[in-house]
Structures are given as C-alpha cells and as structure tokens.
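Chain IDs A, B and C follow the sequence of writing; residue 1 opens each chain.
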Amino acid sequence: MKLQTILEHLEKQGIDVEFLGDSSHQVSQVSGLSEASPEHISFLSDTKRMGELEASQAGAVILKPEHRDITSTNRLLVSNPYYVYALTAQLLNPLNLEPGIHRKAVIDPSATIGESVSIGPNAVIGANVSIGDGVSIGAGTVIESGAQIGHRSYLAPNVTVMHDCVIGDDVRMESGCVIGGEGFGFANEKGEWHHIPQIGRVVIGDRVYIGNNSTINRGAINDTVIESNCIIDCLVQIGHNVKLGYGTAIASQAGIAGSTEIGQYCVLAGQAGVTGHVTIADQSHFGAKSGVTGHIREAGSYSGFPAVPTAEWQRTMVRMKGLTKMAQKVKRLESELEEIKSQLENN
Amino acid sequence: MKLQTILEHLEKQGIDVEFLGDSSHQVSQVSGLSEASPEHISFLSDTKRMGELEASQAGAVILKPEHRDITSTNRLLVSNPYYVYALTAQLLNPLNLEPGIHRKAVIDPSATIGESVSIGPNAVIGANVSIGDGVSIGAGTVIESGAQIGHRSYLAPNVTVMHDCVIGDDVRMESGCVIGGEGFGFANEKGEWHHIPQIGRVVIGDRVYIGNNSTINRGAINDTVIESNCIIDCLVQIGHNVKLGYGTAIASQAGIAGSTEIGQYCVLAGQAGVTGHVTIADQSHFGAKSGVTGHIREAGSYSGFPAVPTAEWQRTMVRMKGLTKMAQKVKRLESELEEIKSQLENN
Amino acid sequence: MKLQTILEHLEKQGIDVEFLGDSSHQVSQVSGLSEASPEHISFLSDTKRMGELEASQAGAVILKPEHRDITSTNRLLVSNPYYVYALTAQLLNPLNLEPGIHRKAVIDPSATIGESVSIGPNAVIGANVSIGDGVSIGAGTVIESGAQIGHRSYLAPNVTVMHDCVIGDDVRMESGCVIGGEGFGFANEKGEWHHIPQIGRVVIGDRVYIGNNSTINRGAINDTVIESNCIIDCLVQIGHNVKLGYGTAIASQAGIAGSTEIGQYCVLAGQAGVTGHVTIADQSHFGAKSGVTGHIREAGSYSGFPAVPTAEWQRTMVRMKGLTKMAQKVKRLESELEEIKSQLENN
C-alpha cells in the first residue's frame, strides 16, 4: 500500500498529519522499530526508543512533530503516534471475513440476519435472534434465542451469548467468553441452597471489547449493563447487576461482584477485585491485585487490600519493609531505658 | 398467574404462609420493590428497604410477619422471605425447554437417553454415556464416553464433561465449565516434566451449581468429589482429588489446590485460594482474596494471606494503618531518651 | 500386564531398575498404597507414607533402593520412584483414540492432515491448517486457518486455536483453552479506545501442557512464545508478547502481563501475577498469590506483593503478627519515659 493511501485514510478519520518524504513509497505491514525493513511502517511513542529509531530500517515512521529530525526516513508527524499507528494497523490488517453462511451453521428460521454477514461452521443461532449487518460469527459460537447482535460486531469461535442478551455495534468478543450466564443468586433455607432464576439480561453498548474466557453474568431482576467503549481483558468476571461506565478498562483476571456500579473511565489492573453493592466514582484507577471493599467517592488512584489511595499504600509498604529496623530500635530503647532506670535507682 | 396458584405451590413445598389480601389477584413476574407494578410480586428481606416497600406499586409482597403493617398490598407473611421469593421466581420462570433431540446433535448409538430429554444442535454425546430423565443439554456441549448425567440436570451450551465423570440429579452447569479435565500431575526428571495420567473421575452430587468457565479437574488416582448442595460461581478452579463437603459455596475466581478436603457448609469468597493437601473444618468461612496455607481445625471466619481468624486480621490491618504514627512515636522516644541521657551525663 | 512387560518398557526408556520378586505377576492399574490390591502397582516417594507401604496390599511397588526392606512385595528399586510411576501409569493408560475423522467434522479441503489422526465430531479445521501424524482433536474444537499442529499432539474437546498459531509435537491442550486470542492492545485518543490489530502469533514448542480454560494471547507485532517442556495449569492468563522459557511451570489462576520474559525452569504458584515488560531470571520461583512488580535478576524464591525474597517476606509476616505486641511495648516505653522525665524534673 502506498503511503499516500494511508495518508488519505487518516485524513478521512480527521487526523492532522504533516508528512515528510516520498508518499509513493509502498509499505505492506506495521512493525516494531528494530525489526522493521523498508516495506514496514513503524512508530515512536516512547522516547526511550529513540536509539532504535535512529537505527531503524523502517520505510516510514509515525512520530511526534518534536522528533522530526531524529530520522530522515518517510515521516508522519502527528500529536498521538500510538493512536495513528492503531488506525494504520487496522487499515493494513482488515478482518478478511468473506460474507456467507456456512452450510454447517444451524440457524433458526425465525432469526433475522442482516446484510454481508459471515457465519462459521457449527455456529448455532437460536429463535428470534437478530443479527446486524456486517456481523461475523465464528465456528461453534452459540447465540441463544432472543439475543440481539448489533452491526459489524465480531464474535470469535466458541463464544456463548445466552438468551435475550443485547450486544451493540462494533463489539468484539473473543473465544470462550460467555455473556448472560446465570448470576450467582441463591436463597439459603436451613443449609439448602435454592437457585433464584435470573430474569435480567446483559446489555452491552457499542465498541466494547471482551477477551477470552471472560464471563459477564445476567441480572437477577434488572439488567447487567456494560456501557459503550469499555474494554475487558481475558478471564475477567463481572457479576449480576453490575454496571460498567463508559470507557472503563478492566485487565485480566480482575473481578467485580454483584450489583456494583463502576463509573466512567475507570481502570482495574490485573487480578484486582471489587466487592458487591458498592459505587465507584468516575476515573478511579485500581492497582494490580487491589481489593476494593467499600464505596469510592472520589476519582484517584487506589491500591492494596483493602484498597486505599495509592500514595498511602506505598507509604505502608515502605513502613512494612522497615518493620525489622523498627523492632530493633524498640528493643534498644527498652534496654537503654532499663539502664537509665537502674542508674536513677542507684542514685 | 393468580396469587392463589402461588400459595398452593408454596403449600406443596411445605411453606407456612399467612396470606392477607385478594388471592385472585394476578401477577406475571417477580420484581424489585421500587420497579414493581401491580402485575409483579416482590419481597422485603432487608429492613433497609422498608422505605421502598411503602412506596412500592407491587401487586403482592413476600415479607416477614413482623412487617405486616408496613404495606396494605397483598401480603405473603413467611419466616424466610428471600427463600419464598426464590420458590416463587422458579414457579414464574420455568425452564422452557421443549423435550426433543435436535437433528444436528451427534449421539453415539451406545448412549442411554432418558425420558423428556432436550438435546441442542451440535451437542455431542459419546459412547456409553447415560443421560437421566428430564435432562437438558445445550448446543455445542460435549459429553465424553462413559459419563453419567442424573435426572433433571441442566447443561448450558458449550459445556464439556470428560470421560467417565458422574453428575447427580438437578445439577445446573453453566456455559464454558469443564468437568474432568486432567489434573496438574507431573513428575520431574532432570528438568523434564512427565505427565501422570489422571485415572480418577469427577463425581458430583445432587443440586450442585457450577458457574461459567469454572474448571473441576479429575482425580489422579481416586476421584475428585463435589458433594450435594454445593454452589460454585464463575472462573473457579478445583484441583485434582479435592473433596468439597455438602452445602459449601465458592465465589468467583477462587481456587482450591489438589488433594485438599473442604468441610461442609464452608464459604470461600471471591479470589480466595486454598493450598493443596490440607483439611478445612466444617463451617469455615474465608474472606475475599484470603489465602489458606495450612489446615483449618475449627469452624470460624478467616481472612488475609496467610489466612488467620478474621478478628486477628482486622487488628493487623488497623495496626498497619497506624505504622506511620508508631514510627513517629519511636522517633520521638529516641530523641527524648537521648536528651535524658545527656541530662544525666551532665549531672 | 506382567511386571516383566513394565520392566522391559522402563529399560527401553533408559531407566535403571533393580527388581526383586516375581516378574510374572500381573498388574492392571496403578493405585495409591492404601487403596491398592494385588492387581495394582503403587509407589513410595514420600517417607511419610512408609506406614502405608507396610500395610499395603499392592502387587508391586516402585521405591528407592534404601527402602528395599520395608516390604516383601514385588519391588522396583529406582532413583526417582515418582518419575518411574509416571512412565508406568502412561504405559497402563494409553490414550485409546481410534484414528479416523468423524463424518461430522468440518475440514477445509486445503488442510493437510497427517497419518493416524483422530478428529472428533463437530471439530472445525480451517483453510491451510497443517495437522501432524498421530494428532487427536476433540469434539467441537476449532482450529482456524493457517494454524499448524505438530505430531502426536492431543487437543481435548472445545479447544480453540486461532489463525496461524504454531503448536509443537506432543503438546497436550485441555478443554476450553484458547490459543492466539487477540492481545489486549488499545490506543487511547480522547477517552476512546482504539483496538490495535494483533499481527503476531502464538508459537508453542514441544511437550507443552495447557490446562482447562487457560488463555494465551497472540503477539502485537512479534510472537508470543512458549518454549518446550512448559506446563501451564487451568485458568492461567498469558498476555501478548510474553516469552516463557524452557521447562517453566505455571499453576492455576496465575497471570503474566504483556511483553514479560520468564526465564527457564521458573515456577509460578497459584494466583501469582507478573507485571508487564519485565524480565525474570532462570530458576525463579514465585509463591502463591505473589505479585511481581519489577525485573528479577537472580534465581531464587520470591513471595508477597510486591514480591521480595521469600525469607524477607517471611520475616515481614512474622513482624506483622507481632505488631500488636510492639505497639504495647511502645506504649509502655512512652509511659515509663514520662515517669522518668517527671522524676528528673522533681529532682
């Protein structure tokens, strides 16, 4: 692909690019700076990699205007190189899914299938399911009755969407994720567990990403809601009636217990956990392995278990490292005090 | 459904109900107090919600006898409202699975299939499998050779049951769970890992619930055993040769390492872990993110890592928060002592 | 099977065995010492079980030369009994998979299938996939286009291998695992998440084991690499561009964030986590629930969060338990000091 084609694509996306070099140069793929050859386009977003840029064989580089003079290769100067790299990589790597319904897919006659849809072998589409235009559904994926899938969404192989759940447009769901499994709702009577049918749904907005083997449970009465622009990594658990605010990101193996409401633009790092029935303020960030045990009223960075403001947690960690020294000090104080006491008694 | 029908159903279940109101009133669904309209039946189990009860539009409410005068709507007075709510929700939301074997299911001719069984498209039933009456098996679910499924059990789509495992009656298994995968058993010889064939099975009792993407490994030699009335949330790992006692509940993302025996009526909260080869007393409760590193001999509540009695853990957490203050105190003591020493020397 | 047959098999594997007893004795299965009957072969590797050995009904026992006189049953004396037990169990429990492609498997005509391959019902093999000799692919397993599976590898039911990934020889992949799902790569522009196509692959060596529902993400640009002889338990997450060195073992629910390089012969215990973009020295061992927040330069045992050398972590844990005592000491010191001060003033 000519750099000119990339530049035109970026312009259509509203990107402000200053280009230096030969726009007729051809690139075929993105690459890291150090592995790149002339048919690759690369990027510099981290100044630590400036040495790699100087030595790079890349045919073109996306970088910030202030780094324009570090290289003399073809340059795209933009304010957010990593974002422009993402757009370029998307352009060079379209999902090559031929529309068409595989003859081994099992589709209920009452389902509504949009235009230009790709459905893989052994996919199962239940009664009254609605599938938007340009949707891709992988092999072995099961969509139960009454579920709705918005336009251009991609469901990898072996995904499960349970009955009546609603998936927005441009959603990407990776293999093994399960949307709309029963919430963990039981009443206990004399030691016996009685299951409470979960009659809510999962409702997912637009441009949401859900990683491998993550599980989002359906609501007990009302719906579990994932707002648009949320990204969820692998092996994440989201309990029944959780609400995830717009733009929130959740890293791998984190979990959110039932009925908790997470605000907008929050971040949970890996293996973090949030207890049930709490409310988390917009723009709250939680460190890896943190455990949130109560409401979070203010935006900020939180860490540890129970989670506290990160600065406080770091101080506590430093104090913990110093415990042995402190114990020694206390011991010395005790013996010195004993000495003084005996000295005073002898006076 | 008339309230009268619900009352008769509850009576058959042995529930003692005092009813106040019009039993010919019709309700179609359960609902939360604040969202309910006259065609809904709701419940009050938490006194914090009494304000919601007063304002509720619910056509009927399940509540404790002592709250009979808070509302004048149709009332079912019972000792455990949440339990009666569960039974009512089950009655109003039966699993609507039409019996029948989908023509795209793959069933080995040697399998034994009970009465009124529902088997979805692309389900695979292996040789010598035995399926009880009233069982439902979802699309894409695989049951390997020799496995047994008890009566009325429900297997969601894309479940996997490995060879020779035994599942009891009225078990509910959610999508993506895997029963009877190999245990993690390897012998190491000069740095090379040698797999040990896991010849035990997984044996699951009656009325067990297993959530999405949870994994229960088969035994190395003897069986992994899940006793009846256990409930297991999503993304839970249960290692080989584990025994889970009657009525135990395990929340999401918790894990139990191999050969550990958990007693009856235990609770593991989210992201908790129990090490291998230990025995846990009946009625032991473990807090979120706790890590159990040894035997637990006495019923009680345990928290932290390594897990200790919760009261002790809470005291330690308070002490940790106070570390900075303590360090300041020690520093002050040191300087005061120095002063006293110099004072004594100068005398 | 006659013990003689087992002895001949072990000799072929290069094992040095001294046999005492009747090699014409027949055994049919392995067993634990206490459950064994004469048709079983058992082993003693842990001296704690010597009492069980004395009482055992086993028809033969594998044990160390120094324990030769504890029993008079048929004995195989070897330097590593657990390893020899593994080889014996493998011999007595071969995978009984009849070669053959099920008529309900869906195989793209461009795929290359080796000799003596077993492919289950509803397995899906994509375009240009290459499958080695003696491979077994379970029901419902999906292998996307361009992927390569080495000789004698076993894929359980409902596994997913995404496009272009490379799996070595003698690999064992358990149900629900997903190889080559998208890595969690997004560029953020003004609060909107933009997905970065992950163009790397997952490349897995020989003799690798991957447990149920584990997820190994494909690389962003370069590949995610799992070297030979690695073993990975259930529900493990391995992020994009991670490199796992030869012989490394990862227990259940552990996670490794993107671009981290783990050395050879490392061990991660259950629920451990390693942050992204760090390098871990060969032969580093990490305790359960540990959290590694930086590079690890030296082999050794590490624990806690943030992970520190295990001895240091244990000291800190002891100090934490002693915090209440230390606080009491400090309080006593304060009051004693006050007393001394007033005494001095009164002088």
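We adopt the following convention: a residue touches a chain if its C-beta (ideal position, glycine included) is under 8 Å from a C-beta of that chain, and two chains touch if they have at least 3 such contacts.
These figures come from a predicted structure and were not determined experimentally.
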Chain A on chain B, rotation in degrees - Cα superposition, rounded to nearest 5: 120
Interface numbering overlap (same over half, different under half) for chain B and chain C: different
Separation of chain B from chain C, taking each centre as the mean of its C-alpha atoms, in whole Å: 26
Junction residues of chain B, two or more chains touched: 122, 140, 158, 176, 213, 235, 253, 271, 289, 320, 323, 326, 330, 333, 337, 340, 344
Contacting residues of chain B [partner chain C, same complex]: 106, 122, 124, 126, 140, 142, 144, 158, 160, 162, 176, 178, 181-182, 184, 186-189, 191-197, 199, 213, 215, 217, 221-222, 235, 237, 239, 253, 255, 257, 271, 273, 275, 289, 291, 293, 305-306, 315-316, 319-320, 322-323, 326, 329-330, 333, 336-337, 340, 343-344
Residue ranges of chain C touching chain B (in the complex, touch as defined): 29-32, 35, 80, 82-83, 85-87, 89-90, 92-93, 102, 104, 120-122, 138-140, 156-158, 172, 174-176, 207, 209, 211-213, 229, 231, 233-235, 247, 249, 251-253, 265, 270-271, 288-289, 317, 320-321, 323-324, 326-327, 330, 333-334, 337, 340-341, 344
